[in-house]
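Common to both upcoming complexes is subunit A, partnered first by subunit B, then by subunit C.
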Partner chain A sequence: MLEHLAPQLFNGLVLGAFYAIVGIGLSLIMNLTGTINMAHGSFMTLAGYLAFTMIARGSSFWFALIAAPLVAVVVGVLVERTLVRPLYTREPFYSLLMTFGLSLIAEEVYRLIWGANGVPLSAPAALSGAVSLGFMSFPVYRIFIAAVLVVAIIALALFLTRTRFGLRLRAAVQDTEMIAALGTNTQLLYTVNFGLGIFLAGLAGVLAAGMLGLSPTSGNALLMPAFVTVIIGGMGSLFGSVVGGLLIGLAISLTTLFVPAASEVAMYVLMAAVLLVRPRGLFGEEGIFG
Partner chain B sequence: MAYSDLTRRTFVTLAGAGSAAAAFGIPAFIPRRGEAADNIKIGLLEPFTGVYAAPGENETNGFQMAVDAWNARGGVMGRRIELVKEDEQNDPGVGAQKARKLVNQDKVVALVGTVSSAVSLSVAGAASALGTLFIDSGGHTDDVTGKNCHWNVFRTCHSTWMETHATGYSLAKRFGKKWYFITPDYAYGHALEAGFKDVLGKVGGTVIGNELTPLGTSDFSAYLTKIDAAKPDLVLVFVQGDDYTNCLKQMDQFGLLKKYPVGGPQVELEPLWSLPPAARQGYWGIEWYYNSNLTLGAGNKVAHQFVADYMKRFSKPPTARSCFGYVTADRLLVSMAETKSTEPVKVAHALENTRFTSIFNGTAYYRKEDHQLMWPMWVAKIRPDGTPGDKYNLFDVIDTQPADAIEQSVAEKAKVCKLDYA
Partner chain C sequence: MNGRQELVTSVAIVALLALAPVLSPLVHLDISIVSEVLLFTIAAMSVNLLLGYTGLPAFGNAAYFGLGAYGAALSITYWHAAFFEAILLGTLAAFLGALLLGPFLLRRRGIYFGLLSIAFGQVFYFIAYRFTDVTGGEDGMNFPRPPIGIPGLHVSLQQTSFYYFALLVFVLIVLAFRTIVRSPFGRTLIAIRQNEARVRYLGLNTDRFIFVALLISATMAGIGGALFGLLINFAYPLMLDWHQSGDFVLTMILGGAATVWGPLVGGFIYVIGKDIISTITPLWQIFLGALFVVCVLGFPRGILGTLAALRPQKARSAALDPNAAFDPHAPVEIGRGV
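For the complex of A and B:
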């Protein structure tokens, strides 16, 4: 059993990186506008299906990997502007219901367009097969996924800490009224921030489609672990989401190895344990990367 | 921040009204179009929506082909045959409710259809209580013709036992006897596991590993590393639907498909058509195929004509589901025509033990003791990349297994099932 441990740890980290990046997107949106975006998984699925259609129409996987999330961002921004924004001044309950409704509608729309059965999105030939790492062999595609997600997370961190726009975003999370009074266009901040969250979701959606399959419900299947990620990591902390995601990924992978039947409950047990010891989550403090 | 105007009271009122509207649907007193009183009505229950919509549609097409052929010949006893279709939504509760509606309100003389075993069992239960004939065309669980058997219930598709034994015997000959299972952790998975273990017991092989995976598993990596370490002769994959796609795709990504043959009890064309080549692998049981003389019979004009007519009408080939539908409707109507009756007991007796030929190779009969259709089953190798010029053609049929060798004997069945007409 122990000889399977190393590959499984790595599998857990790859899976965890997915949860982390989806969790970060959720956190971004939640921190700034208080919106609990139940439609986050739907945007993942949307990007996956768009990539599938693009590839089927002859474009390359690499183009689709970037273009599909961008199209999802356009849809996301439209949704934010027309449907979610009017609810910012209300209780979070309203936007939660709105986005939950949207996710149900989206699922049925995907079913209408792309069918109820899963569709195939295959990784390009360059990413197929497995490489030997000496002590184990590991699929190239998973290594690629890990690399892309790490780059995306680092890029986001740099954006938020090193650019003017990123600084404004973080400031807005601290005190929206003050930054508005100082002359920053907060409506634009909201939109860009929402778009950023959707882009991360879309990226994860396309990558996940090549590994975990693509069906009308596949994004929503990743949404629950992402919420748990945010709760474990701590609301408000993007760094917490990274740690939370990786922890869940490892917990799920290792329980799958030793007690498969418990693999689905593992993350909730972890969440309960963290909440008992530290109710606000591991890094739950005010401010981004706090 | 504005506080909610939505009180608990209004919420409950709205939710109650909404669910009530959803539950009752369109009132029953609205008359329907085009119903003639003297038609022979057959109630068809299929999952027209949901995950099994595609097999449900193909089964329906098969039913329609048979019914139209009978109507073209003048119907049964001079009366037109009419299929009254209802969506069972892949939900056992809805299935039973729609079954009662078809019998009580639409006055159908028999029920046919279903895809999922759970729905088959619930419709069978409702039909038994109503004393109406039900032919399960597409639900595979052993119980339909096993411990839940009833005089009014017949089954056309193969039982789970037949599927496991047909493929088990065939694959044991081909690949060796050290097998590894990937089993979904619920009743159907356990039934497959039991079936293949029985085969291994009879051919003298061993299960060297069995991974019980929760339903909805998307990451199979942990199981795959264990399989690779165990070096089996054959990997049998029992997971279904999207889990199956993910499992095969990941086996490909981990390089296992190059090392070990894979197979399983049964695969259907509908989901296979939409899978990537990586997931179209291995050796599988199939219940019928439109493009092989092993399944159709070289000189079987009826079968070849059926395939040609079907493709012309629906612009795609018939699947095993279409065959189930056709055979079910055709045998039901033959029996009604022979007995000149729609009386369930008479028709049931006529269905029993009559040997017939149809759109598959060889003869078959609904066994008197359990009402299972005894017909051969086949094993095919999947062509991962399909066939140039025919995107639908995915199988090389390689083996036929006769019904009597793959289904439990009458004596074994007698332990769980006794049909009682009283």
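For the complex of A and C:
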């Protein structure tokens, strides 16, 4: 039993770390501007495909791991400045609809450029193989993913709590008008915040491409669990997203082991249970989103 | 628009729809496509009740639409239900789905309600997708259109007679919808959109109003879905997917939020646009996405709302009328004060 259970638990945690980091990106954007970014998955896929192309053209995996998300950020910032920004003064619902449209366009564009079928993105030789721990063995690539995601989350937490810019971001979530009156350029805050969310999505997108494969819809497959992550963890809480993501990852991997057909439904059951006990989510802050 | 004008417009619209089986061959349009427009419009109207009138981002109505279709499909396949029984059971499935989800969805408002609708709506998608033995999984379910099931009438409807049946259902739903949004109940929904806190201060249990609105909306979507399943003799998981919900929302916004006829305008553009563009190019999805972007940035009040804004000032003073929200010519921004 243990030899099946332990790797499955580990896989669940890695999967959960993906949900967490995508959820954090969504949550950042949602908190500051009220935008539910339905195109978040499209940016993940974009970064994955860009990394695929870079590696195919001879660049190293390590370069692509950083460069592809950065290119996605450039695209994201352009989208934010031209299309999303005019909607900040309107009901948040409109930006949901708009980014939904963008994700439809993106999916078809990826299909045109990279084809409808999935393409493989293989991890470098240094990260292939497995580490044996006696009773079980871990694939090195998954350990690497877990490490990168943990570092990214810690770096983000430090950025938000320890730097002046991070403080301004959190202050703007509390009261945008006040922070604007105090002389902070809030438009810049919005743009950087959006870019930050996209960078996290891009990073997850490249890493996920090496583990889960790459297709025009692969990012969107991670989007729905990320929504559930945010709902379970609580809107506005970084720590909540981490806990929520890991919980869902575990729930999915355990049901896959015992009742494979119910693996997706498991996270919704979890979400329903959390909502009954705590409507604002496990670590949600009341007031930011009613 | 006064009562007389409205009556004339409505009669004209229904008369044109009644002539559709004669008119549509002239523009090389299959009558089943026009049936699809009507059923799609019913689903968009169900979104309109929640989003346009009550201000709740109903981004999960495909769940009820799909439950309607699957309810019909399952009852025909496993219980050999007749035509009306299948519609009834499909509608019941959608109603029960909303009864089940309602208590969870009601816990939140605003954009969070949208998030919950999207997420919970997907449950049914995964059930249909995963429980292959019962639902056929990704392949969906093919089923025949059963005989009507009234003693002495053992025929099943052909495409044209099906269209007239769909039109009858559509007209009844429009009448019911108009009655609902003009009733004290409907006015309360609009008040909730404008300022829910105030409605609560007046002593009304807004949760209860929203729950009833959700049940009505799901029932409408279920009827549309059951009939749509019977139209194409097919039920498939993507009917339940959030992309489908997004299309319903777009259809509603495109025509004009909080208007009685807006969804029909949107339904015509969406369904027929899709039919025409899909035959020319496989890139329909790019056009659809662009339509979302242009509609949100360019004319968020929809076609009917934007037309109203172009009218002379005199006509627009109607916007100050408390009944304005029911008037297709009164521009309405959705989601106020949630």
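Keep in mind that, in the parts below, the second predicted complex is superposed on the first by the 282 of 290 C-alpha atoms of A that agree within 3 Å, B and C clash if a C-alpha of one lies under 4 Å from a C-alpha of the other, contacts with A are read in each partner's own complex, and residues count from 1 in each chain.
The criterion applied here is as follows: a residue touches a chain if its C-beta (ideal position, glycine included) is under 8 Å from a C-beta of that chain, and two chains touch if they have at least 3 such contacts.
Quick caveat: nothing in here was measured; it's all calculated off a predicted structure.
In the superposition on chain A, contact is made by A:Phe100 with subunit C only, not with subunit B. By the touch criterion defined above, A:Val243 lies against neither subunit B nor subunit C after alignment on the C-alpha atoms of chain A.
Touch criterion met: A:Leu212 reaches subunit B, while subunit C stays clear of it. Contact with subunit C, but none with subunit B, is seen for A:Leu87 once the two complexes are overlaid on the shared chain. Contacts of A:Gly129 after superposition: subunit B is touched, whereas subunit C is not reached. With both structures placed on the common chain, the touch criterion links A:Ile36 to subunit C but leaves subunit B unconnected.
Once chain A of one complex is fitted onto chain A of the other, the partner contacts of A:Ala68 are absent, as it touches neither subunit B nor subunit C. In the superposed model, A:Leu257 makes contact with subunit B only, not with subunit C.
Taken together, the two complexes place residues 90-91, 93-94, 261, 263-264 of subunit A in contact with subunit B and also with subunit C. Listed in rising order, the residues of subunit B touching subunit A in the complex are 1-4, 50-51, 53-54, 185, 211-214, 216-219, 221-223, 225-226, 229, 241-242, 245-246, 249-250, 252-255, 270-271, 274-279. By the touch criterion given at the top, residues 30, 34, 36, 38, 83, 86-87, 90-98, 100-109, 112, 224, 227-228, 230-231, 235, 261-265, 268, 271-272, 275-276, 279, 289-290 of subunit A touch subunit C in their complex. In the complex of the two chains, the subunit C residues touching subunit A come out as 51, 57, 59, 104, 107-112, 114-116, 118-120, 122-123, 126-127, 129-131, 242-243, 246, 249-250, 253, 283, 285-286, 288-293, 295-297, 300, 333-336, 338.
The touching residues of subunit A, when paired with subunit B in their complex, are 3-4, 7-8, 11, 15, 89-91, 93-94, 115-123, 128-130, 136-142, 211-213, 215, 218, 221, 252-253, 256-257, 260-261, 263-264.
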